[in-house]
Each structure stands twice: as structure tokens, then as C-alpha cells.
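In what comes next, chain A is part of two complexes: it sits with chain B in the first one and with chain C in the second one.
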Partner chain A sequence: MNTEKNIKTLIVKKPLKLDCGKTIKDFPIAYETYGSLNSKKDNAILVFHALTGDQFVTGINPITNKEGWWSYAVGPDKAIDTNKYFVICSNVIGGCMGSYGPSHKDPDQKIFGTNFPVITINDMVNAQCNLLDHFGIDKLFSITGGSMGGMQVLQFISNFPDKSKTVIPIATTSSHSAQNIAFNELGRQAITADSNWKDGNYTSNETNPGKGLAVARMAAHITYLSKKGLQEKFGRKLQEREDLKFGFDADFQIESYLRYQGSVFVDRFDANSYLYITRAMDYFDLAKKFNGNLSQAFINTKAKFFIISFTSDWLYPTQENKDIVIALNSIGADVGFVEIESDKGHDSFLLDVPDFLSAFKNFLDKSYEEN
Partner chain B sequence: MNTEKNIKTLIVKKPLKLDCGKTIKDFPIAYETYGSLNSKKDNAILVFHALTGDQFVTGINPITNKEGWWSYAVGPDKAIDTNKYFVICSNVIGGCMGSYGPSHKDPDQKIFGTNFPVITINDMVNAQCNLLDHFGIDKLFSITGGSMGGMQVLQFISNFPDKSKTVIPIATTSSHSAQNIAFNELGRQAITADSNWKDGNYTSNETNPGKGLAVARMAAHITYLSKKGLQEKFGRKLQEREDLKFGFDADFQIESYLRYQGSVFVDRFDANSYLYITRAMDYFDLAKKFNGNLSQAFINTKAKFFIISFTSDWLYPTQENKDIVIALNSIGADVGFVEIESDKGHDSFLLDVPDFLSAFKNFLDKSYEEN
Partner chain C sequence: MKNEFQVIADLIEKDKKVLDVGCADGTLMRFLKDNKNINIRGLEISKEKVQECIAKGLTVIEGNAEKDLKQFPDKSFDYVVLSQTLQAFLNPELVLDELLRVGKKAIVTIPNFGYWKVRFHLLLKGTMPVTKTLPDEWYNTPNLHMCTIKDFFHFVKSKDIKIFKSLALNNLNSSVINESNLGVKNLFADLGIFLIEK
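Showing the complex of A and B:
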């Protein structure tokens, strides 16, 4: 992987006090942009990525040589039309695609590993806000993202109520539930159970806890798909065989599929980053600072919200998205909401779901015309 | 653990041809009984256990020193009233509580490990049917069990249509879904990823893949509980601390709970047995032999069925239980069905759910009065 030459990086000079109490400065934020910033600088959309995403939203990701994670939604004439909008996306801090994270070196040139500070969704968006200064953007046209990207959307507009005209959280929650935490903890336990993890110091001897990380990915992957979608796609179909083999190889296509998902993930993701980012998600509870009153998180913004959920998403179900709508309604905020019919589960926001993509596009383009 | 003296064992002399093609004979079935067989021998109930259960249904399990897995349902005056009924339960073959399994030795005195034959639900019930001959029981009063126990109930009455007067499958399915297989495969991958697993030969050097098995248990445990139940019980409650610690210890009670569930499981269960039993569940597809027509599996029985599901069970949801009812209705079988309201998820069948326990008791006692 020729990583460095393909990664644009902003070095943030300004000190950032993290929620854990530590202060970081002179740290890198790796980012990518699509489309062009217009002269009024009023066409910028900041996209936030999910747990395993990165800054390479669309087109071919130069590191993995695969399509960017939001290629269905972002590009010329797509929902986020890059002929019209200037899209910015950065790798979250704690990540492993160039932004400051556990695989970076501390001032003594030792790889951080688990000595990297535990970061939060709040820290992530506070770090990313520096990109606005970098581009000289006073106010974004929109902020959007699904899953953990949606959490960052909610946190960003709460922290910076005047910094975006529109706000589109997708398939997300304002607070990680016990079941969400349970699945993330399962993933962390799978990683730390791998004898190659070595308390996070695996980078020093060039082995890595790939088996544990693959198991963590498989667990998460199941939660991204719906029971019905899995049944329709895989059911009990066998993997290149006439009948059961009475062994422990992958007899079923679903087994083979999961193993594949685990193995390709390991090639592109860092196990310690997986620990840090899932921790940030579990710590996310936007209403906590407001004594449990979620409405207060949005009291200072005049932004126009559009919230999107999916019928078969059981990770961040419609009700958790509706709870955000209810909180916004109760303070008279400008808020739209749509629940999209889809059997593709939580992953619907990443896939070719026409009703979703057209609702997304229409909201953006209509709002932009009102500019 | 003083295992051997507390385990009653029947050595099955009769050869049993397994679905994989191999034949076993002179193999042990470990069993337990509760209550007394009456002189007419018409009060026996065969209970089938779930994935991680064993023959110690109620009272103190002499091996673990904990309550038996179905103590809420089985005992004097309980749903299965041991003052009235004679309860038999045996450890499934492939298991690790005395019945023939991968921790046993092959004829060359070498521990089987993954050389043990892959077994099926069909093999399990064919093995257990030998207990009827052992006790001289011509016809059982009832067969029952939840989860994988329910699968055995369905398979048993299909194989032996005249061997039980009543049939009570609980929280189960007639065919493992893609999502079910996915979660089981996740567990197997967690076990085999553990460097102590050593292709299943861990018993030879007294290390065992406890970390991997614990991860497998955590994954499964999440599927046994409902999202709502987890939220009500744990939510975001912290574990013996005032606030988040910004580290990777268990900050949340749900994390601590899962870790505990993983660690206690390892003390009582064998990792290879976990592989074999989950494989048997994944292979379960009762209609397969009947060209997909589930009704045909029950065409030869006159037994009276009572099927029970739980509203918040997302592992074997009500619809999959109803599919069994529909198959029975279509051949005019005698079948009752109840969906019990509970937020305790799949585990409801093991817990103190009064509506379930009273429906269960009423069906049994009314059917027995008709004897």
C-alpha cells in the first residue's frame, strides 16, 4: 500500500482538549474532498464516516483500490451531487487512515498502541471543525453521515449550532444502547483475546491480532444486515457443494461470506483503532451533558434537520431516530423525517436503496435552491 | 469437579448409524431422572436440553453446584410437576457432561477432538430413544424442550410418531436460518481463532481455548436477550464507578455482565463440544428430507402438540414457531399455540415468566387428566 502519497493531511496546530482531560496539538487530520468550493463558499458538505469508514467517500479508494464507502450516494448527479456541492470528509481521530490514532508515534517515537488517549465523538468533531478554518468556510451547507457518522452529525451541530445550514443524521442514535455496547464489547473481547494483540503492542513486532479482528468484524457485520435480508440472500444455500460435508469447513454460503468479510477487513483496518472507535461510540450519549434532556442539545441551532431511518435496521432502529425527531419537535426546530422501507438492515444507508437516495437528494437540492 | 460419581450413564450397545455415515456402538448416554415412573409407565416426560444445557434439569447440578437450567419449570408442583411425572433428560451426544463426545477417547485411547464424527439433531434423538428401552417405556406422556431442545422434540416425534402422547416444542424453529447459522459460525470462528485451540487437540496438553470459548458465549448470550430487556436491565448503567474511566476496562454494567457470562461458561463447557453442537443446530432442517414440505414430517403422528413462543425472542421468533403450527394445521393435527408476552427474549423459556409457566402446566395437567 502506497499510503502516504495518496493521503492529504492537515496538521492541526491549535491545542485540542480531549474529554479524557489530555490535550493534543500538532496532530494530523487526513481528509479528502470532492467537487469544488464555490466563490461564496456556501456549497460545502461535511460528511462523517462510520466505524470502519474513512475519508475516501467515493470513486476508487487509492489505498484499498475498492469503491469508496458512499459511492452510491456521492458523485456527479448523485444524492450528494459533486457537480454542485463541495464534499469534505476526514478520517476520525483514533482511526487508521492517516488521522492521529493509536498506530501513530508518541513524542518519544514509540508507537502509541493503547497509550493513545481514549477519544470520544465530541473529540472527533472538535478535531474536524478545524477543516472549516482550513478551507475558510464560515458556514457549511450541510453535514451528514450514517451510523457513527450520524452521531458526529448530531454532536457537531450541538457544539457548533451556527456552522451548518442543514443537518442530515442517518440510521443513527443519540445514545448507544446496552445492546449496542454489548456488540462492541464482544468485538473488543475478540481482539484482546487474540494472543497476537499483546496488550496493544503488536506493531512493535510486526505480528497483528488479525484473527481476533476478523471475529470482531464478523460479529459487527451480522448486526449490519437484517434477518430477513440474510434469509433472502443466503438462506441455507450451500457453498460450492452438493450436500453437507459433515465437517467444519464453510458448508453454507453465509459462513463463507462472513469469513471473507473478516479476512478482507483485516487487510485494511487496525485492531487498536477498532478498540478506540468502538469505545467512542459506546461513550456517546448526547443528552448526558444536558441532564438527559436531548432537546437542549439542539436549543441554539436554527439549522434545518432531515432524519432518515430504515425499517429493517435493528442496530439503530427507527424508534431511536424518531427520538431525535421528537426532541427537535419539542423545541420547534425545523425537522423532517422519513423511514425508508428496506430489507437491507443497517447497511441500507451504504447501498443502492433508491427511495433513500432520492429522498436524500431531494432534501439537499430543494434546501440548496432556497439558499 | 467430582464428575464421574454424580453421572448416571447408559451404555448403548445397539449400533447407531449416524447421518455422516459412520456407525457408533457401546457409547455412553449420561442421563438424570426426577420423580417416579408409575406402574403403568404412562407418566414419563422426556426433556431435551438446549445448546449449553445438560441432563441436570432441576435442583442443584452436582457438577456446577448451581441450580439446574430448568429449575423454574421442573420440580414438585411446578409446570412439569415431579410429584406427578417422571422426568428423564440426557446429555446430547457431542456434549461434555458424560455422553459420547469429542472429549472422549477413540478406540486407540486418543482423545477424539475434531476426529469425533459430526453429529446431527437426528443423531441426538436416535441416541436418546434408547433411554425408553432402558426404562421399559413404550410411550412417553410428553416430550418437551426449548431452543435446540425444541428442535429435538420436533425431530423425535417425526422419527418416532407413536412414542409420545403430547409434544411441546418451545421457542424453536424447524430449520436454522441464515442469521442463526451466522451467529453460530461467529462462535466457532472465535474458538478456532484461539491459538490454544490447536485444531481441537488442546486436551492433550492441558491448555484450552478458554478465551475464544468465552467470546463465543458472549456472542450467543447477546442473542438470548432482547434489545428492550437489555436496555431496561442495564441501559448505560456504570459498573462501580461514578463516571467513565476513559480506558478499556468494563465501564458499563453490560460489559462486566458479558465478561462474567463468558468466564463462568468456560469453567463448565468444552470448546470442541461447542463446535459440534452448534454444527448440529446449523444442519437442522426438518423439512429437507420431505422435499421442503414440513407437514410431511408429522404426517404419521396422532400426538397432541402445544407450541409456545415469546414476543421478544429474535433468535427463534414467533413467526418461525407459527410456521410449525401452520404445517401441523394443514394436515389436521391436534395443535395448540400460544405466544407469551415477555421482554426477556429467547431466554424467556428458562426464566420465571408466569404466563409461560402456567400455560405450560395447564396443557400438561389437562392432557394428563384425559389419559
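Showing the complex of A and C:
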């Protein structure tokens, strides 16, 4: 899936015990950085990517030749100003952009496929914490991410309460809901129902379960948008035709759009990684270890939190973000919260939403000034 | 900064933890943070005002005092401030109870409907009073439960809430309100400021 060139990799020598009980060691974490680390090493921001993201946060992704997934938010003079901050982002383990995942080979040189250990959000952040040692960073200025990136933010500060000054989870949840799990299961079923999947033992790009993966992406993509946003953009507009064709081609623009989204996704993403990462999201329930008391997950941190949600996000709705605010307030933590007005659905955090980007920038810059 | 905020700030000692309920654009918060080293949080319902607070580097939570105060533990702040908003709630009594649960002390200010200009306006013009502290028309005012300094004074007493300090504010002058001068203050102050505890 990935061409090895252009991918920076850290080989983690230290064994990492995974939640499933297995231990991995000498495994690669693929990462990218933007901006430069200052001499005090106090300007680093660790960005966590979402389900289908990767380490190429901004600028042109050298593998896909497309804009990085957070180009609106990260770059010179942007919300995360790379003139000022040193941004680190790594591909999650289980992913397919160079970090240890199911498309890698096991010690017997066989591709893992579904023999790769099941990983969790907890495993992901424990693996990524090694990057701090690699760069000699004692304490990050901030950690941030949206969606699954936000889950990693919450898990990271819970595991490493002293490792970041500020914490910015965006459009996220502390626990995957039944609806979240249901949508992920739909995607997984689409993949495993594709006869090319072969229990995860497909071997080349030509014979991969692309159809199943495309359907998974199409279904998921709908959950990232709002009804209003879809209606305004597509409505019942027809795709390059004057009238209905009374067949099953893509008559409507929305059909064509989803098919396109599915097809381009297949070119850049591994089906087994999709299974692994969605599983990690479904297993995410931060309060579970603390007998259901979410506040206890944050009891040891003095970090300053800023939580952001979006009005039209029905995948990780405002209430689920507010539950995190409530848990933090009940232990007197320093927490700010804003719900941004947007009709772009869950995807709002990735898009040009000025109120979001200005709040994000103001919080970061003002917090950095107070440093 | 308006005089009201100066009077409120004078009631708060240095280094305390304060919640500003309905903190608007954060003017009072910024002042308390800069001048009294206050660990300050705000709760604000308006998205635009929340953005203004964030731009000032203030910790603010977007929310509604009637629903969102309950997330704060008992006595988790030294002071809770509510400036000129009590009359705008559907249930001011419930909000007052919440302020006094969350804060060790509360500072509540109310626009005084007993102020002579208000009384004269209604008496002479026969229309709902519009003044500097009550600038809205009857049809677009957020105020649902207007009261006078006297009303609030009696209300607080009836609920066994301790009044540490009550001040009458008229333009730049503030003066102490007590049982004996209540009638006069109720006529000549356009704002009442109360430091209370339960």
C-alpha cells in the first residue's frame, strides 16, 4: 500500500504489551513533523489522526499526492501555526501508512493479515509515546485530534498525565456508542463479505477486497455529513443526465459522489487496517477501567483542556463531548468548551469552518503566551 | 470597565477561585485574572461571547446556567458571580440555590426596578420603563422576573441566606444597604449588589 520512500520511521525497540495480552517489539512507527522544535523543546504539539488519516497532516501527502487531511488547520499562520509550533503526527499502529499493521510481515515473513494482534486506542497511544523520547521532549505543549484522534488525546492524557500542558479533544467521545459500533460493524461486514477478502489473506492490490472496502467507506462517509449539508450540496440533482434513466446507474449526484469517495479510498487504504482500526474504536471506553467514573481517568492531570464539538455532528454529538466537560468539571479541572455552529456534520473539524479554526488558534496561541 | 465590575472585584480577595456565570465577553474575568490573580472560569450561553472570551485567553464553558451549573461540585468555587442576569432566568430561585451550592459565597447583582427613574417612567409615561440598566423594550427584553432591591432583600432573608454585604450603586457611587435605609436605597439606586452565603 505504501511506497517506503518518503516515510520516516522510528523502530521501537522497547517491548509493548498490548491490551489483548500479546507483546510486540522492534516495531515501526511511521511519523511526520512540521515546523521546528525550539531549544527549550516546549513548542511541540502531538496530533493524532482519525480512522482513515495518516501522519501526513498538511501540505501534499507524498504517497497520495493530495492535500494532507488537516491542511485547513495546520500550517504557517494557521490554527496550529507551524511557524511557531513543532507538529508531530504518526500513523497509528494497525494502520497502513508505514506503522506496524496487518499488511506487515510476521517473523516468518508471512503477511500478518488477520493474524496481526487486535489493537486498542490505549495500545496506539502507548506506542506513540515513544516519539517523545525520540525527540527528547519531556512535555508537549499540546495534544490534539478529532474523532478517533480525540479518543487518542483523551487516552494519552489519562495514561501520561504530565506529558502535555494543554489538551484539545475535538468532535469525539469517551466511549463508543451502540450507534458508532453499529456503523463500524456495517463497514466490517461489507469488507468480510467481499469474496476477495479471503479471511484477510489477500496478497496483492489487484486481488484486494476493494468492493467491500468501498462500500464500507461509502456508508461511513454518510455518517460524517449532516442531512442538511447533503441536501444543500446534492439535493435530488441528477448526475450528468437530463432525466432518470430507470436503471441502477448513478442517476443522482449523491450516488456518484459516494461511489467516487469509495473508489479513491480503496487506492490509499488497506481493508484489514480498516477492520483493525474500527475495532480499536469500538473497544474504546475510557471510563471502563475506572468503574464507569470518567473523572477518575483525568484525576492526575493538571493540563488545561479545551473541548470542541459541532452542532450538526450526529456521529459524536455535542452531548458526548459535553459529558467529558462534565467529568472534568466534577474534579475541578481547567476545562473550556465551545460548540461550533456548522452544518458540515462530523467532518466539520477537517473543513474550513472559520469559527472553529479561530477558536482553536486563539486557545493555542493564548495558552502558549501564558507559558 | 463598568463601575459595577469594580465594585464586584473589590469584594473578592486575591488568589481565589471564581466562577463568572453569564460572563459575556469576559471583561470582568480578564480584570480579576490580571489584577487579583484569580483562578477564573466562565459560563456563557452566547457562542459569539464564548469566542470573545477564548480570544482573551479565558477558560469559558459554553452553557446555560439553568442546566449546566449542576455539573460543578458543591462549594467548588470561593465565589460565584452573577451579574444582572438573575431576572432573565425561567426559574431564578433555582439558579440562586445552585449559585449558593457551587460557590462558598455568591455575588449577585440586580437591576433595580424600584429605581425612581423606573417608577417615574411607568407612572408618568404609562409605558414599560426603558433606562440605562434596562435598555430593552417590553417585547424584546430577556428579563422575565424583574425585581426591586427591596424584593431581593426580603427574598434572600426569607430563604435564610446570609447577606454579608449589600451595596446600592448609582452611577459612580456605591453605598451600603441595611434594614433601616432599604426604602431610600430602593428608590435611588439603579443597581443592587449582594454578597451572600448559604
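In this section, the second predicted complex is superposed on the first by the 366 of 371 C-alpha atoms of A that agree within 3 Å, B and C clash if a C-alpha of one lies under 4 Å from a C-alpha of the other, contacts with A are read in each partner's own complex, and residues count from 1 in each chain.
In this section, contacts are C-beta pairs under 8 Å (C-beta built on N, C-alpha and C of every residue); 3 or more make two chains touch, one makes a residue touch a chain.
None of the values given here were measured: they were computed from a predicted structure.
In the superposition on chain A, A:362 contacts chain C only, with no contact to chain B.
When the two complexes are overlaid on their common chain A, residue A:193 makes contact with chain B while staying clear of chain C. Look at A:139: by the touch rule set out above, it reaches neither chain B nor chain C. Once the two complexes are laid over each other on the shared chain, residue contacts for A:104 go to neither chain B nor chain C. Of the two partner chains, chain C is the only one that A:339 touches; chain B does not reach it.
Look at A:252: by the touch rule set out above, it reaches chain B but stays clear of chain C. Those residues of chain C that touch chain A in the complex are listed here as 41, 47, 50-51, 54-63, 71-73, 76. Residues 304, 306, 325-326, 329-330, 332, 334-341, 355, 358-359, 362-363, 366-367, 369-370 of chain A are the ones touching chain C in the complex. Those residues of chain B lying in contact with chain A across their complex are 19-21, 114, 117-118, 175-179, 181-183, 185-186, 188-190, 192-195, 211-212, 214-215, 218-219, 222, 225, 227, 230-231, 233-236, 244, 246-248, 250-252, 254-255, 258-259, 262, 275, 279, 282-283, 285, 314, 317.
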